[in-house]
Each structure stands twice: as C-alpha cells, then as structure tokens.
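Multiple structures follow.
Note that chain A is present in both complexes that follow, paired respectively with chain B and with chain C.
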Partner chain A sequence: MTRSGQTHAKSPIKEIALQELRIARTNRMAMLLLAIFAGMMLLSGFIGWTAHRTVTAVYEEILREGATAAPNPFSSQNPLDLMQNTVIYVILIGALLAIILGVHSGLGDRKAGVIDLIFSRPLTKSQYVMGKLLGMQLLMAMIMVFAGLVSWTVVLLVAGKALNFTETLSLAGFLVSAWLFLLPFNCLGLVFGAGARRESSALLMPILAWVFLTFVMPQLGTAEHPVALLNPVAAQPAAQGDFFQINRAALQPLSLTDRFKDLSAILLHLGDGGSSLKLDLLMLGTAGLLGCGAAIYLVKRDSLRGRLYE
Partner chain B sequence: MDSKYAIRMNKTGMHFGQKQALADLDLDVAEGEIFGLLGHNGAGKTTAVSIITTLLRPTSGTAEVCGYDIMRQAKEVRRIIGYLPENVEFYNRLTLEENLSYFARLSGLSKPEGRIRDVLDFLDFKGHEKERLETFSKGMRQRAGIAQAIMHMPKVLFLDEPTSGLDPQGVINLRKIIISLNRELGMTIFMNTHSLSEVTKTCTNIGILREGRLLYQNSLEDTMKAFPGESSLEDIYLHIDSGYE
Partner chain C sequence: MSRAFLTIALKELRDILSSRYFIVLCAALIVAVTLSLLVASLDFHNRLDDYNRYVEALRQSGATPAEAPPSLSVLQQLRGSFEYIEIIGAVLAIVIGYGLLAKEKYRGTLRLLFSRPLGTFDVAVGKITALAIIWLIAVASMQVVIIAMLRLVGGASLSSGELVKVSLSMAEGWAYMMIWSSLALGLTALIRQPGISLATCFILWLTVVLIIPQIGDTMDPDNQVPGGLFKSLQVEKSREQDVMAHFTGYEDIRNFLEESSISKHFERASFAFLGVKEIYNQKPVALIWGDTWKDTGWLAAGLSITTLLSLTQVNKRNLTGKEIT
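After this line comes the complex of A and B, so read on.
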C-alpha cells in the first residue's frame, strides 16, 4: 500500500446528504411513516370515491323520481376535489413524518456513535448540517413525487379520466407547497434531535411546537374548534373582541398552517383562498429558509458530541 | 507546511466547568515516533487526544500538528490525521464497504474503492466487505476502525486505547499493524493506553500523565536505562507515579 493515488472530493455536503439517504433506507421508522403517508393518500382518494359514488347514487335516484332536473353536482367539480382530505393528512401525518425524520436525522449519528469519526474529518459543522438538510429534502422530495403519483393514479381510477396538464400542474403545485410547509418541521426535528440529551425530549419538543403552530396559533385569532382548523378552507374571520381581533391581525399572516390551507384551497380548487397564492408561497418559502438558517446556527458541535441518555 | 515535530502542545489547558482536565500541558512528539501516553483512568489522555484531533477546543494554550495550528487551521489538521476512538462505533446496518467508503469520501477521497481494497488487504481483512457491521466481533470492529483511520493515508495516527477489549491474538495482530503503519508507511503514531506491556513492545517514546499534568516524557530506550533498579516498565511507571505523590 502506498500514499499515492488520492483524488480529492469537492464537498462533504453531498456525501453527508447521500449518507442520509442510505441510512433512511435502513430506517424502519422512516419506511413505516412513508407507507402510512402513501396509505393516507390512497385513503383520501377512497373517501373521495365513496362520497362521489354516494352522492351520484342519490342524485340518480331523485332524477329517476323526477324530483330534480339539475345536473349531477359532481359533473361540474374539479377532479382534484377528490384529494381534499390530503390537505388534512399533510398537516397531521405529514408534519409528524417531517418531525420524526428530522429528529432521526439529528439523533442518527449520535446514536450510532460516529460523531467523532465524522468531525475528525475536514468538514465544518455548517457543512454537516447543510448535508443533513439536503439529504432530508431529497427524501421529502421523493416522498412528494411518490404521493403525487399515487394521487394522480387515484383520480384516474376514481373519476375515470386522467388529470389534464393544468390539473396536473395544480397537483404538482400543491405537493411543492406541502414540501415547503413541511420543511420547517424537518428543521425543528433536526435541531432537537441534534441537541437533546434524551431521545424522548427530542421528539416531544418539536411536537409541542407543531401543536402550537397548527392549533393554538390560529385559535388565538379565531377561537375556532381545533378540528375545524384543519379544514382546507380560507382562514376564518376573527372572533368578536379586541383580544381576538389583535391576535388575528398579528398572528394569522404568520400562521404556517393557515398559509398552507389557503394555498391548498387555491391549488386544489376547493374555493377561494383567503389571501394570494404569491403571498402564501412567499411566507412558506421564507419560513423554510428561516428554518434551514436556524438549524445551521442552532445545531452545535458540542451538543452533537454530548452524551445521549435513553 | 513542514515541521520536524508531528505534534506540539504548548501550555495546553482544558477545564470542564470547575474540573481541570489538562493543566498547561507541554508535549512534543517528533515525526516518525510511536508515542505512548500513559496514565490512570481520568488522567486526561482522551482529553489530550480530543484536543489534538480538533474535536475539543482547549480553554488555554495552543497545539500544532505538523506545523498546523489546531484552532486556526483545523481543516488542514483534519486532512493529515487519522483517529481511532476508544470503542469505535459505525453504522451497524450498513456494510463494511459502505462505512469505509463514506468515511473515506469525507476525508477527501473521491473514488475510494481501490483504496478500500488496498487497506483491507494491508490489514489482512479481505472478504468482509459486504457484511454488515452489526455482525462483527470486537476484534473485527477494531480492524474496521483502523481501516477508516488510515484510508486517506494520514501523516499522524491517533489511537485511543486501541487494545481495549481485544483477545490476546487480537492484541498481537494489532501490534503488527501499528508497527507496519509506522515502518512501512511512515506514519507517526500517538496512542493512549493502559497496557504497559503493549507500550514496551510497540512504542519508541512514552509520556506519563496524571491529573492533567505531564509527569514524564522520554524515549523508551532512555527510560529503561534511566531506571536501572526497576525491572519493567510497570515498575518504572509506579516509581514515577509514586514520586508525584
């Protein structure tokens, strides 16, 4: 063996990202969550199909009885309407999936005990975190592409016709907005996974943050029932009273869930979104970038090297 | 950057809160040495290695590896060192080849496949490339640990308690490897150890650390001559250590 023959790789970020994908392949929890997410997509289509069939059966019944001459209410509806439950699944299952993937990413190398092997190599902590983020986003992108294929196929089978180009573009836009919505949750999971001293608190803290963003923050302005907050409709007007009026004005534009629901309503043609598509996209994009920046800044080498208790 | 010293520690100190782990440590290791740092548990050996390998920042003083400052030129230092931690761990669900390839790429090798073959051949460890690390014994993990540490042909190799937990045959094999790395590839080797018999058979120079202070440093040959009344390194170690008290 000799010292000769070395060629130097350009950046460790790519290597960390690829390793993230290799590890995800062997991570049973990640695979299980992916299966659940895909299953939810199918379920969303099934629920849409059941609703479609029931309403159509009732319509045909009353049409036979001559009780109506109106057209089938589904005939004028956009086929993407079948996917409206997907919005709820993204907010619920998707966000949890993003948090768990982030936590696993932050914890993975600590649990494997390879942090010292990694940081005795010529890379910086920022490059390490960027690699982790890139790897996770590649994985999330794959999940979204998979979800898109499932959704497209479900609509084809249920509605009996393929989505046209514009509708396919709308579906793709919805998946991109879902990816942007989930990005801050990924980052949150990564920060806590990399810094927590216990695996249980690494999961608990981002889940609390998710509960706050999804339920508490919108409720502070609207006083709505928590379940109603999941519906993919435009953000509701403020409840009566100065407290709610002020909170809504201050918090609603910043509420990630409201922005995502607005965008989904516009893209899946579920009624008018409360604000504009561009503004919603800008807010989600900014939140994603801030999440990445915060992760790069907040993850510390010493925390990564710190002892992890079961 | 060249330096006749592979490692220089200049008044390097380290505190963890109120606890002093290293106290103004001055230590020089010349290129080509196999240096053994001896000491009790908690003497500060692992802290010293963690500082020189840039994993920890000292709270005072400086240190250099082959002339590169460990704080200002940490990346350059990491390019020229290899490190085997005590109780080395890997991605257990990945194969040996996947693990080695990842760490080699992080060390800067863009196409490490040929190097992996060469290193496994050098360590007499071929045939396990496709096996997952979770199936490996302690001795096999230690070899895998050496493999990841030398994949990029470092100038200085740090071994933290390399023989810990190995069976006698494993210790003999590892000793041969360490000597070959030094003689055939010219690596300077810095190892922390409790095993005095191992130091006698492997090291050219020694240092003795106690409570973060360097009590003694010399070549093994001169050390044996300097204590004619003592029959073994174990006795010399106890002699120096008791003198401190």
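After this line comes the complex of A and C, so read on.
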C-alpha cells in the first residue's frame, strides 16, 4: 500500500525472487556447504602459502646439497598464485552448492504442496522459473562477493601485502567467471528438482552430469587420470594420437570445467592459460544462457504438480 | 534375531534388481570404468608408437636411444577405472543405501513393517545383507567386464596371480561401496528428513573423496611444478627421499590428512595390488599385502563403524513416526 492508498502490484518475477532469497536462508544444507566453501577459501590461501614455502625450502636444500644447478622453478611473485586452490574449490564445492540450491529451489514448493496455490495467482510458468533463477543468481552473486572479500583478505594476511587495483580487478574477473561457470549447474539442479519423480534422482542426475563434465570429458581428450583434476598443476602433457586429438577438438570447447580452469588461469595469471579468453567467456556465457533457456522451457506445470517419491 | 531378516533381504534384492534406476546407474559406472581402460590402453599404444618412431629416427642418424621405452603392465591400465569406482561408485552406493530406507519413509510403510513380529535387528540386518549381495553382484559384473576388456583391448589374458590381484582390488572396492551404502542407510534412519540425509551424505562424499585428497595432493611438493618438482630440477629418484627426510614434520601432516580419508586407503590398497605404484608392480601378493594390510584394516574399521551405525539406527524405536506424510 502506498501513502496515497493505491496498491502497487509487485512484479511476480521479483516477488518469486525475493521469496527464493528468504527460503535459501532456511536451507541448512546449502548453508553448511556455503560454510565449507568459505572455510576452504580461507584454508586455500594457507595451503598455498605452506606449499610455496615448502617447495622453496626443498629447492634450497637440493641446491645446498649440490644436486641441481637449475633455477628455482617456483620463484613467482604473483600474489594471485595463492588462488590456485580456489579454482579447484569452485569446481568441487561451488558446483555442488549450485546444484543443491537449484534442486532445493525446484523441490521446495512441490514438497510444501503449494504449487496450485502459487499458480492460482496471476503468474505464468515462465515468470515463476525466471523468478526462481533471478533469486538464485542474486544469492550466487552475494556468495561470490563474499568469496572475493575472503580471498582478498587471505592474500593480505598470507602474502603480507594488499592486492593492487589491477590484481583486484583480476580477482573480480575470476569471481564473475566462477559465477558464470556455476550458472548452468544451478539451472540443471532447478530442472531436476522441478521435474524428477524421486528426490534422490533430483540430486543424483545433476551430480552425475557434473561428474561427467568434470572427470570423464577431460579424460577423453587428454588421457589424464580422473583425479588429476584435484591437482592444480597439470601432471602431464595432453596425450597425442588421432583419438585424443579428435576428442580434444570436439569436446574441449564444450568441457565447462576445462573452460573455467583455462579462463581462471588467464585471469589470475597462473601459468599458461591455454586457449583464448574470448572463447572461454563465449563458451561459459553460452552454457549459462542455454541453462536458463532450458530451465524456462523444461520446467512444466504438470511435473511441478507431480507426486514426489523417494 | 529371527529368520525374518532373510525375507527382508530377499524382498530388497528383488526390489533393487528389478529397478531400472539401479540398472541404469550400474551400467553408467561400468561404462565409465570401461571407457577409462580404453583410454589408458590407447594412450599407452600412442606413447609406444612415438617412442618407436623416435628410436628409428635416432638409428638412422647413427645414435642410440638413452631413454627406456614406455612401460605399462596390464593391471596398471586399470588405474582410471578404480578412480571411477572411488568417485562414481561411492555416489551410487550412497543413493542405493539411502533408497532402501527413504522409500519406506515416503510410502509410510515403516509402521506396517514394525507391526510384524520382528527381532530388534531383523530389518537392519536384512537391508545390510541385501546391500552386501547387491554390491557383490555389481563388483563381480565389473570384474568380468574388466577382464574381458583387458583381453579385447590389450590382447592380454591374465595370469592366475594377476587374477588374484584384480579380485583383491575388487574386494577392496566392495568394502568401500558397502561403507558408503551403510553410512547412507544409517544416516537416513538417523535424520528425519530423507532429503537432508541424502544431501549430508553427498557433502561427506565431497569432503572425504575429493576435498581431503585434494589438500593432500596440493601439499605434495612434487605436485607443485608441472611434470614434478624433482624431475624439473633433474634430481635422481634415489636422492628424492634423502631430501624429503629434512621435511618429516610437513610430510607427517600431509600423510595424516590423507589417512583421514577412507578413499585414500581404498586407493592405496587397490593401487598397490594393481602395481600402479611402481614399487609394487609385478611383485608377489604376499609382499604387497604385508605393506598394505593397514589400509585394508582401515577399510574394515570403516565398514564396521558404518554397519554399527545402521544396526543401531534402523530399528523400531528410532524409526516409528518418522514417515513423511
């Protein structure tokens, strides 16, 4: 009600988005994952610092023993090197967080049995989905801003100096790319949460899709072992041969994880980025748009009303 | 305990084996395991071809090659396959263990089930027995596929010693998946909302299977430089240990972290039998067992704890009134 007594009907998309933000606060699992994510952000700086210090000490020991004349391979002065592990945590924890938020969002109204009530209001299905997506993206953006603040502080504490303007801009760029990378997983969670007949498959299917994108797809193009992803530094050069070259050409542009790792390496100046910034951004942006489009198209009123089994 | 647990186990077995959901999930795991084997074999043949071309070129210029040809024993090709069991197998095990109890909660059949004359542990033992048989079937099927693929792709028929090693690695895999299934079963009984128990299991999976080993890997100095620190500094393998002897405190912390993950114990034990770790390659089973029995012991301890969790939680006192209506 306004002061003049006129009633302003709020945009339904905005209304759903705000409701989404309110509900997210009560999602204990998402909050727990968020706490783990924040904890790992804090820890990653410390782990990076410990590893750097130890490698330097190992090098000095080897040098003292006269076993090498090679220069220190680890003499980088880039403070953003401390973010190497953060890239991996976005892929591991961030993606699971995005999936759980999406699934929870899709399942929430179904489990509460309020779908019919919601659609008794002047609201289309597309507006409903767009409202949910907007709410979740606002939340993900807040998480990224929080992650940025944590990372900036960690670098200040561990490296003993604040990031300058250019480095802060690089960090911001990395966080935007992380948000873009997580968007399709968020959408995937929403689609399965809204449509799956079982709560278990609502969670399992997006997680399996993530496992495929993260572990299987890169292996087909490089022959890297599945858990090689856990190591921030590439263990071996990509495999040669027709099979791998064809797969690499066909699959790597589509491998969201590879694109994100590549883009992060370019933005944070971590070694050679590999391909181009434009291609990586284009692929992640396209995946995000496709994810949103798929969510709007694939979430159906009938499936939202459908009964939920285990 | 009455014989009713057998009836429950058989009913669960029928339910799971007739579930398209289960068949599709197991097929996905088997496809990933097979694909990984194929990739390892192709990669090895490519590297061997490259080496042969290099030797030929050297020979034509009158030089002799200084590097040894790439080598990969038959079982070493299974490394990626076992990593998939570690990652995807655990996810499937969680979903199957969760499903055994979640379906009763959603259908509201717990009250009916406990109205029957059952012993305190009948339901828990019945469900755990069903899980044990299901994973035995899954692991045996995987072993058959793996052996067939090794013959088909690698052109290798396994010796009896190699068969024993694959079987032992698979037995470790069975225990590993049982740990995740019993944990999911126990947590679904403990937590009222099945959805929360499932998400809790996935968070535990993420922490134990991926995050803890990731921290351990990152802390390894050799993993900090592409291709390995010692290799890039041209330090011989024999001197590597002498150097690291100066950093025992750091290495102890790293080792402690890795040992806190049950996945790492599964990985260490199975990789030793498969010869992935070079010091165990082509070595007798007794020698490998002597070095890795502690990892198997950790798996056994993990299985005992999670089974105990299921036994103490899946009972009438805990579950009555926990249906989802």
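Basically, the second predicted complex is superposed on the first by the 266 of 310 C-alpha atoms of A that agree within 3 Å, B and C clash if a C-alpha of one lies under 4 Å from a C-alpha of the other, contacts with A are read in each partner's own complex, and residues count from 1 in each chain.
Just so we're on the same page, a residue touches a chain if its C-beta (ideal position, glycine included) is under 8 Å from a C-beta of that chain, and two chains touch if they have at least 3 such contacts.
Model, not experiment: these values are computed from the prediction.
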Chain C versus chain B, contacts on chain A by residue: C
Partner chain in contact with A:122 - chain B first, chain C second, else both or neither: first
Touched partner set for A:215, first chain B, second chain C, both or neither: second
Which of chain B and chain C A:114 touches, first, second, both or neither: first
Chain B versus chain C as contact partner of A:203, first or second or both or neither: second
First (chain B), second (chain C), both or neither touched by A:54: second
Partner chain(s) touched by A:33 [first = chain B, second = chain C, both, neither]: second
Residues on chain A lying within both footprints (that of chain B and that of chain C): none
Chain C to chain A touching residues, read off their complex: 21, 25, 28, 32, 35-36, 39-40, 42-43, 45-47, 49-50, 79-80, 83-84, 86-88, 91, 95, 98-99, 102-103, 105-107, 194-196, 198-200, 202-203, 206-207, 210-211, 213-215, 217-219, 221, 223-229, 232-236, 239, 242-244, 246-247, 250
Chain B to chain A touching residues, read off their complex: 50, 53-55, 75-76, 78-79, 81-83, 85, 87-94, 98, 102-103, 105-111, 114-115, 118-119, 121-122, 148, 152-153, 184-185
Of all residues in chain A, those that touch chain B in their complex: 1, 3, 5-10, 12, 15-16, 19, 22-23, 26, 112-114, 116-124, 305
Complex interface listing, chain A residues touching chain C: 28-29, 32-33, 36, 40, 43, 47-48, 50-52, 54-55, 57-59, 61-62, 65, 67-68, 70, 73-74, 84-85, 88-89, 92-93, 96, 100, 107, 111, 198-201, 203-204, 207-208, 211, 215-216, 219-220, 223, 225-227, 230-236, 239-241, 243-244, 271, 308-310
